[in-house]
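Several structures are given next for inspection.
Next come two complexes, and both contain chain A; in the first it sits with chain B, in the second with chain C.
On to the complex of A and B.
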């Protein structure tokens, strides 16, 4: 009887694994098809279906690079993403440290306002944001895409909880007795201890900025300033490319691959740290 | 005050508290200028007839009246709610199912971190790229989905997924949204479940509670805060649905958003 039970359990387990693998395939196949189709010609894609790579990669490549300045777009996106990620990381950590470890007046108020604004969708202020940038002469500039990263309530919130769980306050007493500057304490002691939490948030910030579409679309109207997502979205209107679907796939794949590479290297950080905050006491 | 204190002397924790306020200045300044001001300005402008240039006259609730009585806008609102409804049911349902599965003590499923990473993958891709990808995959003339279905003889003629009846297109947007975000919900729910003390489960098992009872009486109630968080954020995200519908169906909803 015991063995029948075990066989039954194993059978159910097998079915469950099969379902999980199917679901995983469902998540992977669109990416695979994108890569495959970027090596096939438009004609092949329209007339037949294949999961094996074709031979038109070079032609597609030529079409993409002839019509789009895709490397310029990548550089623009990379510049914005790197700058804003650095700002998010440093200033969110500084603010989170202040909120977690200093008992100054307004601490609670600031924290509450932050929580409220986390709930407000960013697009709500888009019109006002555009007016502001217009008044300050910041249209067609990267400043409005980079500088606001200094104030990221969600990141500050996460890092504040993180500091409370990983940083013993006693550790700050020793350097204070030695007369160290508070900012030096932050740079030399707090920042290194916080680095895993910061890394998690930095990955998310980088991906978010790399993929940002609406704000750049509203603020940038010079082609040479275009970011990668703007170029992808404009692909439909480029005549030569929409005639050749393969080239469009190639352009999309080129925008996705860097993110997947970053993710493969950092997924352990993302996954473990998202759950870290809630597990630790 | 900090400067008057001689160096190398002990400062009590109270003396350093004003540094906290100092460290918050960059955040607060940026927050006021780039977050709070735009939202307030948008809100105030909603009571005027501002056209984006020139003078603005106060018209009080005229804009709201017009928006609320505009049939096109009401239709857009209903459409958005339908898409969100399909999306959230699939997304949360699937995430919850996976969470329960991976926490089941009887089956003890392996490979959690691998599956979690794969399920999270669609989150990494820009909405515009996802929209393009599915638009071409689902194209009724040369989209791969129709080609495969035709080859397998599951359908006799190509299905017009996006341009056909409104319901099909809405369902497609809902399903694609769920495909994109269920991995994220799954990770959040897993984090929530792992925060639940194991003692509850052991006690319940000893008392002879079945799997369904444990889920309904322990997991669900304790998971409610996280569920709320996931549902609210995806509601906010859902009401902002813009890229997916507009890029996928060109026309459909996007015109009503202006």
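On to the complex of A and C.
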């Protein structure tokens, strides 16, 4: 009886593992293809398929560096992404905390307004946004790419729900009795408890900002300000795309590196934070 | 706690200051009056800019923007009368909208020179609806039927481009040619999309506010269906891996978009006889021909056509228009530049008539020593620009979809045409369509 059970569980486990391995491969192969293609020439990519690296890495690299100042682009993108991620995380947490934990007149209304704004697609405001920045003299500046991150209704919505689920109001009463200022309560107690939620949103915000293309393309007119996605897109601008395709793959592969770094860092943080409870029973 | 507040405040202040610092110089973008700023969608202008700097000492800054996003960028920034950019460009299908929006400055002072020096269709495309010259191009992109000389000899007994031109001279001839090639085991085109260049064979898509459905167009429709259903084409669409590979050798029938390794090596193979493409397509064929290099020739098709090409103009809102116009003149109306570009680009066909004439005896080894410049010069001057309308892209695509639906047997011809009329009517309510 007993052995049959183990055989059965082993069998199920085996099938599960097989399915998981297949799924993992499915996720990894496009990624691997990108790395492989960045070492092959445009002609090879267009005419054949391979899972083994080619020999054109040096040529592709030369094409990328001849045409683009890719490290400058990375630095520009990194600056924008880091700044806007910090702003998005801090101010959204602050707003969400207020919406979740304070009872004030108009709380519900404000929250509803935010929900409504979540529904408006960002592309809709592009022309108006450009006109506004033009009038304020903010074209060719990173300010319009960074500061608006402060107002991020989606993140606020997520963090509000998150606070409601992880933060018992009782936990705020202790410091209040001890005479702590409200901001101190937020910084010393609420922020650490919220950190897994913030980290989750920060990953999304970072990736979104790192990959942002249309708004920077329209707002930044000087080559020295170009962000990485703008540079990569400009690699496509030849009549016969097959000439540049290997170089484009290489540039894309390079642009993914920071995202992977951020993801590794943040995901470990999320897991460790999730397992640590705030309220000890 | 005050410390924390001030820390946060200071941090934010630093960030915003850093952001300002990152943006650098003043936002107006007026610094360096002698520097020209070019926004382009083709890399060619980088070479032109470097050459201009070499000749005149004027610094030129070139920003390359992906073609798909170029209109968005121009419409947004110039819509707010931005003066950061001096030289803007456009492909023919974008130009009408740009002219309407008033982004391209008046270049009337070059009108006489352009009319005199450049191939006629380039001059025509550079004028807006009121006949004011606003953009010029350094290249012509005349089309041709790029074909395999060795296969032509084998099947037709001649590789004379004039004879091949007759084989592609009418839609009837194309059907005949396709059948002959099929009997010999070859495919006439990669796929029937190659025929779309001949859609404007005898009339523009729109004339006097009415959609024109002429016999030639119906002939094009029938031919495309015919070639498809008789399997006279190789079913290797333009830009597919198989299509690229076909330039260098045989490929399996019905490759579609598959990568080559996925195809059965023992499947019956075919060779693609010809590619109908603009002059830059001839360079693509040449660059992918491998061992077939020199085996190709260029011939006339059903009608003379052109496709793409970069037109250069001056930003209406640019502060130093006189300087900018000099750059445009240098790129497009200077004979020495045209000759330099012809050599530098390794085969681009320039728009300057005198330079084309000077190179007309050049025997191009990549095309079996054919006199390609002479050929393309003739084709370019034969292009009838009055057949081109701003509706061409949208209507042509819709017509292509109608053809495809019949090819695949989803609709009969009558339904497909009626659906096509309805689609055109809903996109352009101002047009009258045949009932």
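Please note the rule applied: the second predicted complex is superposed on the first by the 214 of 281 C-alpha atoms of A that agree within 3 Å, B and C clash if a C-alpha of one lies under 4 Å from a C-alpha of the other, contacts with A are read in each partner's own complex, and residues count from 1 in each chain.
We adopt the following convention: contacts are C-beta pairs under 8 Å (C-beta built on N, C-alpha and C of every residue); 3 or more make two chains touch, one makes a residue touch a chain.
Fair warning: this is a prediction, and the values are worked out from it, not measured in the lab.
Novice: Check the residue A:11 against both partner chains and state whether it touches chain B (first), chain C (second), both, or neither.
Specialist: neither
Novice: Touching A:20 in the superposition: chain B (first), chain C (second), both, neither?
Specialist: In the superposed model, A:20 contacts chain B only, not chain C.
Novice: Just checking: does A:229 make contact with chain B only, chain C only, both, or neither of them? Give me first, second, both or neither.
Specialist: Touch partner of A:229: chain B, not chain C.
Novice: Give the label of whichever partner, chain B or chain C, reaches more residues of chain A.
Specialist: For chain A, the partner with the higher number of touched residues is B.
Novice: So, A:131: does it touch chain B (first), chain C (second), both, or neither?
Specialist: Both partners, chain B and chain C.
Novice: After lining up the shared chain so the two structures overlap, which partner does A:117 touch, if you call chain B first and chain C second: first, second, both or neither?
Specialist: Only chain B is touched by A:117; chain C is not.
Novice: Which partner does A:259 contact after superposing on A: first (chain B), second (chain C), both, neither?
Specialist: Only chain B; A:259 stays clear of chain C.
Novice: Using the touch definition from the top, say if A:171 reaches chain B (first), chain C (second), both or neither.
Specialist: neither
Novice: So, A:147: does it touch chain B (first), chain C (second), both, or neither?
Specialist: In the superposition, A:147 touches chain B and chain C alike.
Novice: Output check: A:184 vs chain B and chain C. Expected answer is one of first, second, both, neither. What do you get?
Specialist: A:184 sits against chain C, while chain B stays out of touch.
Novice: Looking at chain A, which of its residues have contacts with both chain B and chain C?
Specialist: Common to the two interfaces on chain A: residues 46-49, 126-127, 131, 147, 183, 213-214, 233, 236.
Novice: Using the touch definition up top, name the residues of chain B that touch chain A in the complex.
Specialist: For this pair, the touching residues of chain B are 7-11, 13-14, 16-24, 26-28, 30-31, 33-42, 45, 52, 101, 106-107, 109, 111, 113, 115-122, 124-129, 132-134, 136-137, 141-142, 144, 147-148, 151, 179, 183, 187-188, 190-192, 194-195, 232, 236, 239-240, 242-243, 247.
Novice: Which of the residues in chain C end up touching chain A in this complex?
Specialist: Contact set of chain C toward chain A: 1, 4-5, 8, 12, 15-16, 18-20, 22-29, 37, 40-43, 61, 63-67, 69, 72-73, 76-77, 79-80, 82, 84-85, 239, 241, 244-245, 259-262, 280, 283-284, 287-288, 308.
Novice: Enumerate the contact residues on chain A facing chain C in the complex.
Specialist: So the residues of chain A touching chain C come out as 43, 46-50, 67, 76, 79, 83, 86-87, 90, 126-127, 130-131, 134, 137-143, 146-147, 180-181, 183-184, 187, 213-214, 217-218, 221-226, 233-234, 236-243.
Novice: Can you check the complex and tell me which residues of chain A touch chain B?
Specialist: Listed in rising order, the residues are 9, 12-13, 16-17, 20, 23-24, 26-28, 30-31, 33-34, 37, 45-49, 91-92, 94-95, 97-99, 101-107, 110, 114, 117, 119-121, 123-129, 131-132, 144, 147-148, 150-151, 153, 156, 176-179, 182-183, 186, 207, 210-211, 213-214, 229, 232-233, 235-236, 245, 248-249, 252, 255-256, 259-260, 263, 267, 270-271, 274-275, 277-279.
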